[in-house]
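The next part holds the structures, each set out as structure tokens.
Two complexes, one shared chain (subunit A), two partners (subunit B, subunit C).
After this line comes the complex of A and B, so read on.
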């Protein structure tokens, strides 16, 4: 998602630069936004960073094992980033062209992974290509293991290419097609146009998408847990230290070492890549259609995308099939047993997921809209710091958030460990940046004069907010709500540290089942989860909501 | 015709040397007919405008000439050779887009040199040609800047330089000035015309701005709804429009409903309500044959004299005079524009010498000039 730069507005109305203390509503709003962020983001982050003893740091940097895990994490996320971004670019490029066949199908296959937990890819790979995999074992009679870096690479590639596709789709659509025609007019070949115009102009977008995938795959916990096997990454290492060995200090070190690269990528994205987008001048009059792909390239691309899409379809087919198969790999007869067991024993976990995600969605939406409002409309000292603070959670790996919450909220007055609140908060905090950006772009659509004319009529800040701005922000509000709901339904890396017997959620429940080899029940539960999230997305589309995942 | 004797000779047009010929050119976009049976001959070295409102087919025509849009029917000849199936880059045309389409990731020099590089022009020659055109266009000092660091007018010149460096036979321009502000537009159009004149390059220029077309063109093709309305010199179009559309589109104008009262070899008598006037027979364009027929009289504001009714004396040519009442006026500095009610219709009159009588009001007498009126068949 494009980052709105605040300076753009800052320069426009210098006369309004005022101390926040002049308007009581503004100062109240700032307090409403800043205080929670201090408590929910900065305080926990500080407590995790300050937690480890010097000895813990020493251990991390002197034992080759830990550095090996760090290297594993960086290597696998780099590999996954390259493959996922490449595939994402192919999807985005093909879908941006008028003459590409099967667009509807390809759109579906690149949205599916977005509405399901990322580790579904890992789960399905085991069922497809694992030791008892339907392709490897049942069809080809091979005995190979998917556990390890290669399985993880494959799983992350399929889990994250849709994110890259979504980001790049926006970039490629914003490229002015006339540039390609200009190049053609000057004698350039089709391949030459791609090489010298389309590709160089997409570079900032590609970098942006790659950094996003890099951050996601680096902090991925579900796939390494399900399919990583002996290949240990940082997120899993932190979990093992904290939950397995109760070594909180070491857990803190590992999660901080996970934070550093993530933070670096975040800053790179925000301050370097984000500023380099080639925004095309929107010309008046009849624009030329995007240039069609030449036939040869079209069919090669079509073959590649079809292969990938069929694999995605296979992933979801195999999950549903696995949910109905009696014993995967041995007894293929169909049964409702897996669902019965799941519903009997784990219905509560699903209900918790829905409940918590809904609360997180509502909370995030309200908070984001207020934060965006405060920032967009008002000029005050420290505005940039404020903006940074609100988007900062995007840089925090889930693992770090989970561990930080344990540290921060385990004693009165903030004794929250084991409660639903801490889970809802962990879900909400990670979606605030997205909600905030959505609300901000919503606000950019509101003509300032609407508000000014209301202010002219004597309305104060609060009345304007209530009567004019909020109704106009409804779209941003609902989009954030639904988006946060879906992401929270699928999240695992933070909540895995925070769930207790009474507050367990569907994703961690599935991971537990998969860990113990209960593939059927894990698949059944994943099927239910996917059914819920995709119903919400479809419902949201049907009632006329904006596209959540645009391609 | 009389008008043409007064017309200045176009400087650059080489008569009778067809360069681009459109023959029965047709373009359909599904159901919509964008260009309908267009015949047009464009002379070598001339500056030709395709003029019309948006959606009239002018841009589609230009894109067919450039090769980006395949015609549904008809043909395009450049130097007598059919362009059917010839891709854009094999045509001896080069296009300057409305939005310039400069490559934002390349410097001015790289943008201008792009086409030469694509054609594998040797580096030394490339540098020399790029330098020459940059110099010619006054862009040398900004050669290493990115397009985003240039003003709109400068970007426009880079786009033009990028086309000109290819030494095309035919330069195509698609509303190249429409993204500039009004003042700059007038300056750049003067520059553009000067460049075109110096290079003598055949130029086809699309615009919806009639003033721009009048100022720059050797010839103008006025289009509406895909159909060519008139093709002629600016002078012809202004003073001798073929039809009501052209008269309406070019210049300010008022249309008055009239009835034909009398037709002689040299004159035509008209009734406007209870008033009647007489005009030269040459004012009639077409299709007016019968007395009693309803018609539409087109009047140019600058071609009508206005004076207070009190000053009107009966010795003046009554057959050229209409009586009305000032309904509204605007003082525009150089002239005063009046909206005068004549028999419940409205006539626009410009008084180019406002200081003589001050602002007029109440009853006025309008004196029609000899040539500034045209008669068209009534519409509807």
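After this line comes the complex of A and C, so read on.
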């Protein structure tokens, strides 16, 4: 049965909606949240949508070339979604069962690709499976090219399955084992239980994960740039139009045509799939352990996940190895030359990445917590619109954000092109929805149990705020900060339009090196970037922040 | 600041050491850089456009985004190496070449000699095996395309050649130097790029041979000053420094490009332009017609 969605849940007290105009604190709070969103989301988006001339639209729809690129984008993201979601489901399912061996290892490999920029998968595939790949050429003696849709498919699958695994792990863990035991008592076989209970109960979760992967692979820019070769997708086309030819009108058309499917998937997720999460209604306590996986299935799954995990480990090993190898595929002697290059020539770009990502993290965390608190604590008309506005950036492809910012912020009083601010904003804006949801779910935790009992025990509002609400929001704050930091360190699709001399960042720098064929230098820089982000993740885990990658 | 890639940091740190002027750069393909300078004309963020074929600089002069500057050092080089009104000054020259992956060539072509003419690239056995950049993004690739117009009697013949070449090109990269790397790694048998961009992966150990075809195109790599940039005095200081023999020697040592300055030594292994069979490359024509030709190229092949 459907659960209440966030906004309904927020209004579950007897609804006493006030006009915001009668309450000065509420109106101030709303302005603090809404005005920035209008300026950095809606205004730029509108400037892209209104930019193209009729002739540009006409060109797009009458030239078979552009429709071909659109078809490429939709095809490859559909393929990647199927494969990434399947792998993600396997990980989530295996990890949700008590008797699966090697859980510690698989828990790591299920999220490992998240600590690197997505396009590192593309770079690694060339080094592993390309013409001079260590597996294909050196071991198997083959001579095959990875450039094209097949390489892109593989790269996106490995870049995005962790997102599916994360989304599905929550769903599969919350399945009530009672149902499975009941099905067993009713005489279902183990496969029958999976087919009639586990799978149907997970369908909304699978759909939700699939839509997420679909939006990510559709807007992927780095992998097609590195490994797409002749296979052109919309994000790269928009880049070539804007940066290569300065055809801003056509770039706007292409990015809007990228936005439309993304927006459709987003709305589907929000208004259809999101409302169909199944929960099983039980009394409290007496929860059974999840049902174990039967041996045969267990070992098949184990073999599959081991193969995938080893390949993911190989991706990381090959990047580090590539960073130390003199000439990949020809001269395997080890060298520090690539790191010397990075430290001499590109240290500033890494430092910019760290600096900008940290600023984006702090900004996003503050903003998200305020937005969630306003929605949760204040009663006002237009709550749904408010909620929609805050999560809307999740629907925007990075390419569109990049181009939109160029259009919107290139003249006074909002002259930001070429500044660090525009890059930090582009990083922050896309993480606000996640931060906001994290903060909301933190607040919901309070509502459900603790706060009521605190009130029953005689605590006043101030005490509740001090002892319960703020500590929980502190967790949401930290999680959002770290999560935004990592995502910003690895982002490329929006910033590639916005960097300039003095504000270049590590990802665009690596992408340029890889695109030039400077693999050793690209690998060395990627190694440093991965080292930074994984240290942050490990540090965060060590100080107790376990929830980071279970959002 | 743009153009030259790998070696840029060394050059800029040397410049800072000698003059105390701190610099920042962004590296883009020449076509991308030109497009960016034009787009940012209202609010220029940079002072210098460094590197890339002079026709890429030439092409944006009518947009009013470059500022002429006659450096006291400009006349140390041959007058043909700078714009008559000093909108750009050349600091290196280089011929176009074919990067040939020797092992893949042998496997596919046997004992055939390496290609020596542009027509040799049209061989049916090279289908999908010749990589070049896209002229929309890359100054190198535009130089290749423009060369065909100087080589053929009519524009139709040039387009016809490009169409037949297109049959053998699997995809177009955005960076002009990338095709040499692709050939080096065996991604294709041949990559078309400037000779100095072929010599760098050769030096790095890739199994490449360099062939400079008959009727080859060539470039004058240029530096120019962006109009209304934030630091005009520093920009002039940089151009003066860059055109001097010390900076050019450093640049030649790092990049293997041939300097325009007579006092600078030839890079090892390079052939002086005077000994090559070069096409009569008209930079002014190439610059003035860049917009039109790139547009038509996109229409036909992109």
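The working rule: the second predicted complex is superposed on the first by the 510 of 551 C-alpha atoms of A that agree within 3 Å, B and C clash if a C-alpha of one lies under 4 Å from a C-alpha of the other, contacts with A are read in each partner's own complex, and residues count from 1 in each chain.
Following the convention adopted for this analysis, a contact is a pair of C-beta atoms (placed from the backbone, for glycine too) under 8 Å apart; a residue touches a chain by one contact, two chains touch by 3 or more.
All values reported here derive from a predicted model rather than from experimental measurement.
Enquirer: Please tell me which partner, subunit B or subunit C, touches more residues of subunit A.
Expert: The partner with more contacted residues on subunit A is C.
Enquirer: After lining up the shared chain so the two structures overlap, which partner does A:54 touch, if you call subunit B first and subunit C second: first, second, both or neither?
Expert: In the superposed model, A:54 contacts neither subunit B nor subunit C.
Enquirer: A:179 contacts which: subunit B (first), subunit C (second), both, neither?
Expert: first
Enquirer: Is A:200 touching the first partner subunit B, the second partner subunit C, both, or neither of them?
Expert: After superposition on chain A, A:200 lies in contact with subunit B alone.
Enquirer: Mind working out whether A:245 is in touch with subunit B, subunit C, both or neither, as first, second, both or neither?
Expert: A:245 contacts subunit C only, not subunit B.
Enquirer: With both complexes overlaid on chain A, does A:542 touch subunit B (first), subunit C (second), both or neither?
Expert: A:542 contacts neither subunit B nor subunit C.
Enquirer: Just subunit B (first), just subunit C (second), both, or neither: which does A:188 touch?
Expert: In the superposition, A:188 contacts subunit B only.
Enquirer: Touch test for A:139: subunit B only (first), subunit C only (second), both, or neither?
Expert: Neither partner.
Enquirer: Do subunit B and subunit C touch any of the same residues on subunit A, and if so, which?
Expert: The overlap between the subunit B and subunit C interfaces on subunit A is empty, containing no residue.
Enquirer: Subunit B touches which residues of subunit A in the complex?
Expert: Those residues of subunit A that touch subunit B are 176, 178-179, 181-188, 192, 196-197, 200-201, 203, 278, 280-281, 283-286, 288.
Enquirer: Inside the complex, what are the residues of subunit C that reach subunit A?
Expert: Listed in rising order, the residues of subunit C that touch subunit A are 1, 5-6, 8-10, 13, 24-29, 31-32, 35-36, 38-40, 42-43, 45-46, 134, 136-137, 170-171, 173-175, 177-178, 180-182, 184-187, 201, 204-207, 294, 298, 302.
Enquirer: Spell out the residues on subunit B that touch subunit A in their complex, using ranges where they run on.
Expert: For this pair, the touching residues of subunit B are 54, 59, 63, 66, 68, 87-89, 93-95, 97-105, 114-115, 118-119, 162, 166, 175, 178-179.
Enquirer: Would you mind writing out the residues of subunit A in touch with subunit C in their complex?
Expert: The contact residues of subunit A facing subunit C are 65, 130-132, 143, 145, 147, 229-230, 240, 243-246, 248, 326-331, 341, 344-346, 348, 410-411, 415, 417-418, 499-502, 504, 512, 515-518.
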